[in-house]
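Sharing a structure, written as structure tokens. Questions coming.
Labels run A, B, C and D following the written order; every chain starts at residue 1.
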Amino acid sequence: MAEIGFLGMGIMGKAMAVNLLRHGFKLTVWNRTLSRCDELVKHGASVKETPAAVIKKCKYTIGMLSDPAAALSVVFDKDGVLEQMCSGKGYIDMSTVDADTSSKICEAITSKDGYFLEAPVSGSKKPAEDGQLVILAAGEKALYEEALPAFDVMGKKSFFLGQIGNGAKMKLVVNMIMGSMMNAFSEGLILADKSGLDPHTLLDVLDLGGIANPMFRMKGPTMIQENYSTAFPLKHQQKDMRLALALGDENAVSMPVAAAANEAFKKARSMGLGDLDFSAVYETVKIAKDSS
Amino acid sequence: MAEIGFLGMGIMGKAMAVNLLRHGFKLTVWNRTLSRCDELVKHGASVKETPAAVIKKCKYTIGMLSDPAAALSVVFDKDGVLEQMCSGKGYIDMSTVDADTSSKICEAITSKDGYFLEAPVSGSKKPAEDGQLVILAAGEKALYEEALPAFDVMGKKSFFLGQIGNGAKMKLVVNMIMGSMMNAFSEGLILADKSGLDPHTLLDVLDLGGIANPMFRMKGPTMIQENYSTAFPLKHQQKDMRLALALGDENAVSMPVAAAANEAFKKARSMGLGDLDFSAVYETVKIAKDSS
Amino acid sequence: MAEIGFLGMGIMGKAMAVNLLRHGFKLTVWNRTLSRCDELVKHGASVKETPAAVIKKCKYTIGMLSDPAAALSVVFDKDGVLEQMCSGKGYIDMSTVDADTSSKICEAITSKDGYFLEAPVSGSKKPAEDGQLVILAAGEKALYEEALPAFDVMGKKSFFLGQIGNGAKMKLVVNMIMGSMMNAFSEGLILADKSGLDPHTLLDVLDLGGIANPMFRMKGPTMIQENYSTAFPLKHQQKDMRLALALGDENAVSMPVAAAANEAFKKARSMGLGDLDFSAVYETVKIAKDSS
Amino acid sequence: MAEIGFLGMGIMGKAMAVNLLRHGFKLTVWNRTLSRCDELVKHGASVKETPAAVIKKCKYTIGMLSDPAAALSVVFDKDGVLEQMCSGKGYIDMSTVDADTSSKICEAITSKDGYFLEAPVSGSKKPAEDGQLVILAAGEKALYEEALPAFDVMGKKSFFLGQIGNGAKMKLVVNMIMGSMMNAFSEGLILADKSGLDPHTLLDVLDLGGIANPMFRMKGPTMIQENYSTAFPLKHQQKDMRLALALGDENAVSMPVAAAANEAFKKARSMGLGDLDFSAVYETVKIAKDSS
């Protein structure tokens, strides 16, 4: 089995890399702060001092950076990915970045005759450790197939979605549905409460029926307590709603329910709730005062 | 164990009664067409020729009728429930009826010093046979407790929701959330399709994430095929949205997402889709023609 | 010219009656507190002590009562309209009442072989004095035509809208459009303000263009000052939105903009603004805090 | 009175220039097709062969070009405005352009130490001839004041709105309100029709009340006939709704009614109505089939 490069040993990257090593993959790793690679070495990884050196050594390399700026920097900076990219080599960016960032990286890689794949994941640290991520890949099909053994270890499921940008689009569609559901859920919880029903009982009833889902199960109890400690910031959820609606605008898809949900998230932002969890949209439905 | 009365041997009633008999309950049953009781007799049930006779014999009696008219008739008609209702006896209506019907029956029973419980269920034939119903009871708490051993056999879970009417309200809240979700889901499926993503892949991705639920799993594939064979008629879903919004109006709960979903269901009705499955709201999102 | 009966000398009724007398009509008037008829006598009116006596004397009689209860009382109470109603006589109710009240009165009058017309007006004291009301009549066409000379004096315009109930429906449609406009206007005023534009300038620009209208001109300046002294209570506006949406529901007309506006009015009610002017819906758009 | 430059003798520009000449202003004009300047010469104008030559001669110059491309070309091309722009000179762009175009021109002019004013107008040929335009100016206040005598002749009213971009923003806010109103109006017309009321009568009633406005008066009769000959294309109206909502997003202003209206315009686009008049949104409310 050929050696795989792996750039970025943050929380997610390290968990994914350790998991690969445990399953017998050979890895050459790099991290901006090199000491974070030590643990990987114990698991059998080699280390290189620059992204360029990793690329030079490996047939294909995975990047898992913390944000778009880091994702761009690792590619374009001195001693970066681009310097050693060439025909026959591949780069797979598994960071969560916007479509523009992904396109820029793709163009640069392909201009060097390299292969590129965007492969954002859904799932956090625990699923990364357990190989239970969901991988939304798009770009060069051949590279996807080459990386499939690694994807099979890192994820419970990987998808090849076609051309570059489709990974980001898929996340937008999923998040749009999620955002509308969160609003419907908030409205239901408060309607129950104001109609003399116990919202906890509503949660129990929901969980036994056809629309039972992990989000209601997980967020319901904290929402009733008005506890919105942030898993996914409301302002990011609203940004995704906005981008999904813009995607609909481009394609002339009318989405009145998503639009209403988006305005509720905007209302929540106007109430200063943007940095709380997106479930804080619950606050926009609450009643401020007895009605007349 | 005292004998329980059971009125109504339709598809649901028979399945529930057989299930009770199998678990060792003693039943006295009645049905408008008496021959439908024969199978129950094989399982050990007694039969009476009128609802009144069942009530007279049993400490409490369950009714499971097909619609509000039948539910009223079995109580108020000659030889009906009311004739033998008296202090110390109870009547449990498990039919799905509106709040008004339930109130009328409740008043009549209590005017005779009887106990009354409304206990509509969610679930169809199979869950009824398997004792996997969800029971939404409201009314006389003492009667609920008396019937609990029977509820435990018929349902995977039963809830006592407080005063008469709360069973119906709980169903409205659940159906309102469900209706908004169906709209969000339809918008997402079409947005995916028009943005160059495979809607079947969207279904797969959704089913692996935090909003995975049985409804998306079950309805998604048929919606993509534009197959709306009716499980729950769209016009009934829209009626429940309207009633839930009216409940919100009474209690000054603003529900912009439910309101947008309701208008989409009304649009579907205006397109002649009222008798199809409620997933046919998908048709309102579809694009009629290429956009400009 | 035959004598016309006129029941109800409140603010509106007195203004309308004085206006008719000035234009040469002969009136026989009645009011619950008879002394309020004195001024009318100075203008040449006759007075009777009961509604029944007015009906007996006049070919047709106009009622202008303060609310549905008063409108019903003047017809159904002892010595009321019904007692002398008979073939060849007519009764015109110009009070603002709901469809049910109007139907009850209509049935009672026609059961006595009398003619009935509902004829609610739009306009307040000043237009009543000046004969500048708008009259929305529905019911018996022959009676409408008989009363047309009087309507021409009381109103700048009268409409015959067909069957009983159409007067109320027309008011609902107009008020629904008005309520949606008030929301659009509120959103625009606040968008201007938050975008660095002077809302007063927006008012000036609006007033010079294609959507210039008296409501924007009149309400804009007070809304900017957050002054909502009540001309039309918000809770009544919201009730009319609800009834208009219900009318749409009956007829399968989907009205997403009206539905969104209705939810905003409900939000305003939940904030305790129901007794303020309907322009207080402006408060629901305002930003509570700086956004993130 | 110093001579004013005027670039662009299209329908609007010529009407505005003739009007200025009639009121005693001295003009030096230019047009890409120079022959279109002949009529102006008859009214006393001088002609120059390039924009640069006009700028050189005049203290300030007005541009009235057909679109953003032409507005940019007249400034940046060879022999364009920029070549002779210098300290002490001013340029006023009265074309309707987007905020980006306006910013680019502003930057270029001020980099040459010139003064710049954007001053888009509302109104078409007839108001231009009659000096009845509404002028929405923003940018350099001193230049606004210098041009005020000319603005007073060209417009019934001119506004100075502050910094560059505010002219475009003001138009967005106005058009957003207009778009929501058009939807409310469409919903009302169809609700009236389906409820058994004559929509023409609704138009008459509306025109006598507090929300009477030129748009309802002008568009109502043609909408009822389903005649949507284009005054303002629906796709442009929808674009303005989208931009206004984006402006709201930036400033955390929640606008649920505008959002619902925007989705209706998107629906209309999806039905292939984008090139018709924006009143064609009426088609989205119409009922396709009898309801169930």
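By our rule, a residue touches a chain if its C-beta (ideal position, glycine included) is under 8 Å from a C-beta of that chain, and two chains touch if they have at least 3 such contacts.
Predicted, not measured: the structure shown is a model, and the values here were computed from it.
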Contact-pair overlap exceeding half with C-D, pair selected from A-B, A-C or B-C: A-B
A-B or A-D - the one linked by more C-beta pairs in contact: A-B
Maximum centroid distance from subunit C, chain identifier (CA atoms): A
Averaged-CA centre spacing for the pair subunit D and subunit B, given as whole angstrom: 57
Length of the line joining the C-alpha centres of subunit A and subunit D, rounded to whole Å: 43
Distance between the centres, which are taken as Cα means, of subunit B and subunit A, whole angstrom: 39
Of all residues in subunit A, the ones touching two or more other chains: 248, 252-256, 259-260, 263-264, 269-270, 287, 290-291
Sites on subunit D touched by subunit B in the complex: 235, 256, 260, 269-275, 287-292
Complex contacts: residues of subunit C adjacent to subunit B: 242, 248-249, 252-256, 259-260, 262-264, 266-267, 269-270
List of subunit B residues in touch with subunit A within their complex: 122, 134, 136, 156-157, 159, 161-163, 166, 169-170, 173-174, 176-178, 180-181, 183-185, 187-188, 190-192, 194-198, 201-202, 204-206, 208-215, 218, 244, 247-248, 251-261, 263-264, 285, 287, 290-291
